[in-house]
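One chain, subunit A, appears in both complexes that follow, with subunit B as partner in the first and subunit C in the second.
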Partner chain A sequence: MAVPTVPAVAGGHLNARRRGRAAGPAAQRTRKKGSAGYLFVSAYFVLLMAFGVAPTAYALYLAITSAGGHFVGLSNFISTGKDFRFVPAFEHIGEYLFIWLASLVVIVLGLALLLHSIARRVSSVFRFLFYIPGALAGAASVLVWLFMLDPSVSPWRFLLSGLGFSDLSQTIEPAHLPVIFAIIAFWTGAGGWIVVTYGALNNIPHELLEAARLDGAGAWQTALRVKLPLIKKWVVYMLILAFATGTQLFVEPQLVSEASLGQISPSWSPNELAYVLAFQNDNFNKAAAISVDLLVLGLLCAVVLVFRTKLFEVE
Partner chain B sequence: MRVVKRIWVRTAGFILLLGFTAFFVVPVIWLVLAPTKTDHELVFDNPFAIGTLSNLWHAWRLMFDFQDHALLSWLENSAIYSFGGLALALVCAIPAGYGLALTQFIGRRAILGITLVVMIMPATALVLPLFLEANAVHLIGTPFSVILPLSFFPFGVYLTYIFYSSTIPGDLLAAARVDGCSEWDVFRRVALPLARPTIALVAFFAFVANWNNFFLPFVMLPNSTSYPLSVGLQYLLSATPAFNPGIGGAVPILRPELALATIVAIAPVLIVFLFAQRSLVSGMLAGATKG
Partner chain C sequence: MNSPISGTSQRAGTSRRLRTAVLAVAVVAPVCGSFAVAGVASAAPSSAPLVVWVDSTRVPMIKAYEKAFPNVKIDLVVYNGNANGSGVLQSKIALYNRVGSGWPDVVFSEENNDAASLANAQFHYPAALNKGLVPSSVLDGYAKGTMAGCTINGTVYCLRNDLAQNLFWYNSALMKQFGYSVPTTWQQWQALGEQVAAHHPGYLVGSAGDTWTDDLYLWPSRCPANDVVGPNTIEINLSSPNCTRAAALVDPLIKDGSVTLESVFSSTFDKTYTDKILALVGPSWYGADLFPGLVPKGDLAAADPLSWAGQKPATGEVGGGLWFMSSHAKDPAAAAAMLTWLSTSWGSQGISVGYPAYVADQTKWIAGQQASGFYSDQIGPVFATAATEIWPDWSPVPWSTDSIWASTVSPALTSGSTMVSQLAAYGQQLTDFAQSDGYTVVTKS
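Now for the complex of A and B:
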């Protein structure tokens, strides 16, 4: 669900930077001192505390205490780390992330560069079509792909039978899941990233590309040596965000395992393991420990992006 | 020779684009056509054959009657959670973005920094902690356990902040203050109307995020009658023989009905995407493409 918001983060920023140059200083000068600011921010501040800071603090508290409320140090982290399902869950998302991030870099950049080299009116049709599946993010996308992967009804049945799959349980066998989840993530998310990358490419000053052309650079050289280095920070942005989102995988393995007749472990991903610990084992402290592991991963990504890449305006 | 090579490269590029177009679009087309066919036809007919309206009607009746109109109550729940969360998010985020951009107070930069971090952090990372918190204060199973966390929308605050800190001419607000407007009036009469496109943008993103949210309602709502559609789809998958022939016995929900439920589930977001996409994307990238 983070996916559809992605283009606007970047787009809004592209927008802001351009306008910011003209209007920024004026806005700075008029920043009004006094108590009014508290009033404007108060309602949001309450939400931020109640649903951002408090759950984080409470999870942290549960993670370092026992069911009886006694301080137990890191023992919940250690025992969940030794759980036989812990390492496989992280291996699963590691495999998935590797495929998903590699395909993002290669295919999204490739397609964006390709679209950038053709007439804008033509490319806008493609960008629109690539973006559409973003509307199906979440549970719907998984259902759609269960249909697509079921050799008995799939429009890709010729491909599936070519790969030797004759029924759904064969296509979705556990070893295939990282690839399948990468395909689903790509199907719903790539279009948004292509729009963002295309926007970043359009942001490159025309004179620069013209100069490269006059210096004798061909289309390939311009793409690799001029365009790519200039949009590098957007690529970094895309990778960190996709990585952070990818570590949280939940709905995809949850739904696919429903259709797998018990073939797939209900604790396939770390978030699912935390869920199982909380809901089936009633062990909130251990569930909190895994949640904290995942929160730290997400937080690290966010902090790096916000404070290290200069992609966001924090003044 | 060079010209021939260029034609080859161009053709290869277009073939690649068409291939990816098929990848992105074929599943959508298949999904839209599926409920017009019977389960038998889905298996034995051409995947792109168009079925009949009477099949569609039949699938709708079966889906509609499933568990005493469960689909309808899921749709209603989705609307309540999405719009409830959206309304609260707007009421809180728009003034906050304005305050962060145009007023000065102690803690402003700290709030801005935390907002950015939470915005980038995947929302799913907070779901289990939110569940543990809601469980401690006995909110589990109530609509508030979903609506309140959804109303916390840092991304909306950031969008509004960016808008106000980069586009409002400083003189405008100063003039309003000279005219004797209070700070609240300056916001309500001058700043708020200017932000209409941004408000629409925030509303759009909040709606899409809320409507498609799965994990949060999945952990917060134990009772299937209070599910939103996203969780309802999962329930259909687990409780019907559509993909698990052994399950559900005589429940008549098969693949066409499941496809229809999926279409119902995505329709509102798809409509927003189709009709608002042009202005949203061009709005998003207006600054970028003019260069």
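Now for the complex of A and C:
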């Protein structure tokens, strides 16, 4: 059975463009459509330059200069790398990412495939339910979780006390933090990805699934051998974004640290360490070096995944 | 494959790769660069009024100043007082330093280490008060030794608002009812804890769940955790017997439950321990801030700080506020006058919740406390004695020893470890912080 590897929407659009090139007047219409695309993108482009690219360039400049503005090469990177908080912060984030990304891929895909195979009305109710926590802003969702994790006020206190926790400081012991942050991130972020993945699944041509069924594929086989390969690029896209945001964890450990009267180190994650260096030690250059480390890490992950999976190849 | 098409295809491939890289940056960059621009976000306030930052507890003092000096315009900002080493003040000052304007003229801080932190070359925020801003007659009026934390290499960078000397607090009615006598040494206190655990389980003789636990037990034991012994040289030696003896004293009491690991300000502390506090080692402000509601009116008493048998008495401190004025103040005389009034006048200190550092206000302040009817005995002599017994070698440093304790030792105690076994980790963290701040660490002075 031949399985196309391009998401149906992109493929459809390309076909339209190819057809447009062949037919004269239709081609003009398509070009007009193209310029409308630039118009739509322009607003985002301005924001991206102002709040994405310009600050990144500024961070790069800060990272290779001293407080007095002199060029110092890589010395900010070397001194932050030697900082006693650097390695633990990246270890924490590594543990957290491992748990979060694994659970994100497995559970989001599992739930999206499940929702795709049940009646549309039921699935739309579930998609809405899954999405609700994502509507809470980051800080608010952490506060909700602080209540959930505090055995003295939590609606799940029987569960927490069953696990042997009698107060918040026991629940948020350092060893539990990667798991707790992964749960919070999953709770707030997974709903959105389930909706996106469901959308991707909906783009699979009906005929293809019909053909698979006629060829004798069951629900499992269809999910694993037809649907999954077709939405592979969406999964990669999810991984790139989740990795980049995951390495930059900040609000969760910061708020939990405040709530626990400092039981969690204020430099638990690399982004927090950058914040401490910038604002407690007044060293913006070292802080910028760490943010550049994170940028490079995110880019490396993105580039590897993009090239390995040919994410942006359309033909 | 050698046709001209392959060249086109290569170029297309290159441009695709370029596009791929640009797109990858576009995807990752917006989340990565967000904090770097924070520095340009803050705006400079108007220079005309005095910009004053205080915690909510100190607001009435500012209101009193406005009433006493209606012609002085004040722009009041309430913030968290930099409590528990939160570093909010440092964050803001760092930003203002970057922009070159916006500094508050007068600031109150609850963090005792802030003089050391804010006066260093990086922040360079507070004005040098003994260089013509505050007369020496005023500076001489503070209780002996209380300005040590404000004085760095002979320069006075802040005025002390109140003292937070540790005392031995106890419920005199319960003590009498149970037939215990008030301990005077740490060894007697440990024996009391063991008796309470055996005969009156559920009652407390101490707490070890707050960020300032190191100030309660290690500081009075003269533990060299942050003893600045020379310019940029610090003694940190947590394996000293002075440290281990204190930790070894508390550990068995944590185990038997007579010393709690709950924070005294946690949401559950009052539920669990109302009328169950036999004694607590704690700062002078516990009297007005913590005990009302936990101990019946008329039952609370304060005794001299516990001492180590055979040694001169010594005690620690938990906070005690500091008043700073900006070295960038547009009207230094006005800011200095305000700072002096807030820290010394009875109009301000009469409504202070802490024991005034300025000697002339102390007797009247104690009389006010005594009049509340909350105490069973006279607290004045105990407060005055303890104020002179604060061990001076627990030096103010640019990092918060309390927040390091909170993130290193507290979680380990919660998960069942002992204080003795955590001293090494605590010492290592203190050493790391000192070294990253450019100090040379020695283990023996």
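Here is the rule we go by: the second predicted complex is superposed on the first by the 243 of 315 C-alpha atoms of A that agree within 3 Å, B and C clash if a C-alpha of one lies under 4 Å from a C-alpha of the other, contacts with A are read in each partner's own complex, and residues count from 1 in each chain.
As a working rule, contacts are C-beta pairs under 8 Å (C-beta built on N, C-alpha and C of every residue); 3 or more make two chains touch, one makes a residue touch a chain.
Just so it is clear, the model here is predicted, and its values are computed rather than measured.
Touch criterion not met for A:Ala119: it reaches neither subunit B nor subunit C. Shared-chain residue A:Leu136: touches subunit B; no touch with subunit C.
Once the two complexes are laid over each other on the shared chain, residue contacts for A:Ala274 go to subunit B and to subunit C alike.
Within the superposed three-chain model, A:Phe312 lies in touch with subunit B and with subunit C [touch as defined at top].
By the touch criterion defined above, A:Ser265 reaches subunit C but does not reach subunit B. Once the two complexes are laid over each other on the shared chain, residue contacts for A:Pro55 go to subunit B and to subunit C alike. When the shared chain is aligned, no partner comes close enough to touch A:Leu214: not subunit B, not subunit C.
By the document's definition of touching, both partners, subunit B and subunit C, reach A:Val153. Ranking subunit B and subunit C by residues of subunit A touched puts B first. Once the two complexes are laid over each other on the shared chain, residue contacts for A:Glu173 go to subunit C alone; subunit B is not touched.
Shared interface residues of subunit A (contacting subunit B in one complex, subunit C in the other): 48, 51-56, 58-59, 62, 150, 152-153, 241, 244-245, 248, 258, 261, 271, 274-275, 278-279, 284, 287-288, 291, 294-295, 298-299, 302-303, 306-307, 312-313. Subunit A makes touch with subunit C in their complex at residues 48, 51-56, 58-59, 62, 83-85, 150, 152-153, 167, 169-170, 173-174, 240-241, 244-245, 248, 257-258, 261-266, 271, 274-276, 278-284, 287-288, 291, 294-295, 298-299, 302-303, 306-307, 311-313.
Residues 16, 19-21, 23-39, 84-87, 90-91, 93-95, 97-98, 122-123, 209-211, 261-263, 266-268, 402-403, 406-407, 410-411, 414-415, 432, 436-437 of subunit C are the ones touching subunit A in the complex.
By the touch criterion stated above, subunit B contacts subunit A in their complex at residues 9, 13, 16-17, 20-21, 23-28, 30-31, 34, 42-43, 47-48, 91-93, 95-96, 98-105, 108-109, 111-133, 135-136, 148-149, 151-152, 154-155, 157-159, 161-171, 173-174, 177, 183-184, 187, 201, 205, 208-209, 212-215, 218-219, 230-231, 233-234, 237-238, 243-244, 246, 255, 258-259, 262, 265-266, 269-270, 272-274, 277, 280-281, 283-291.
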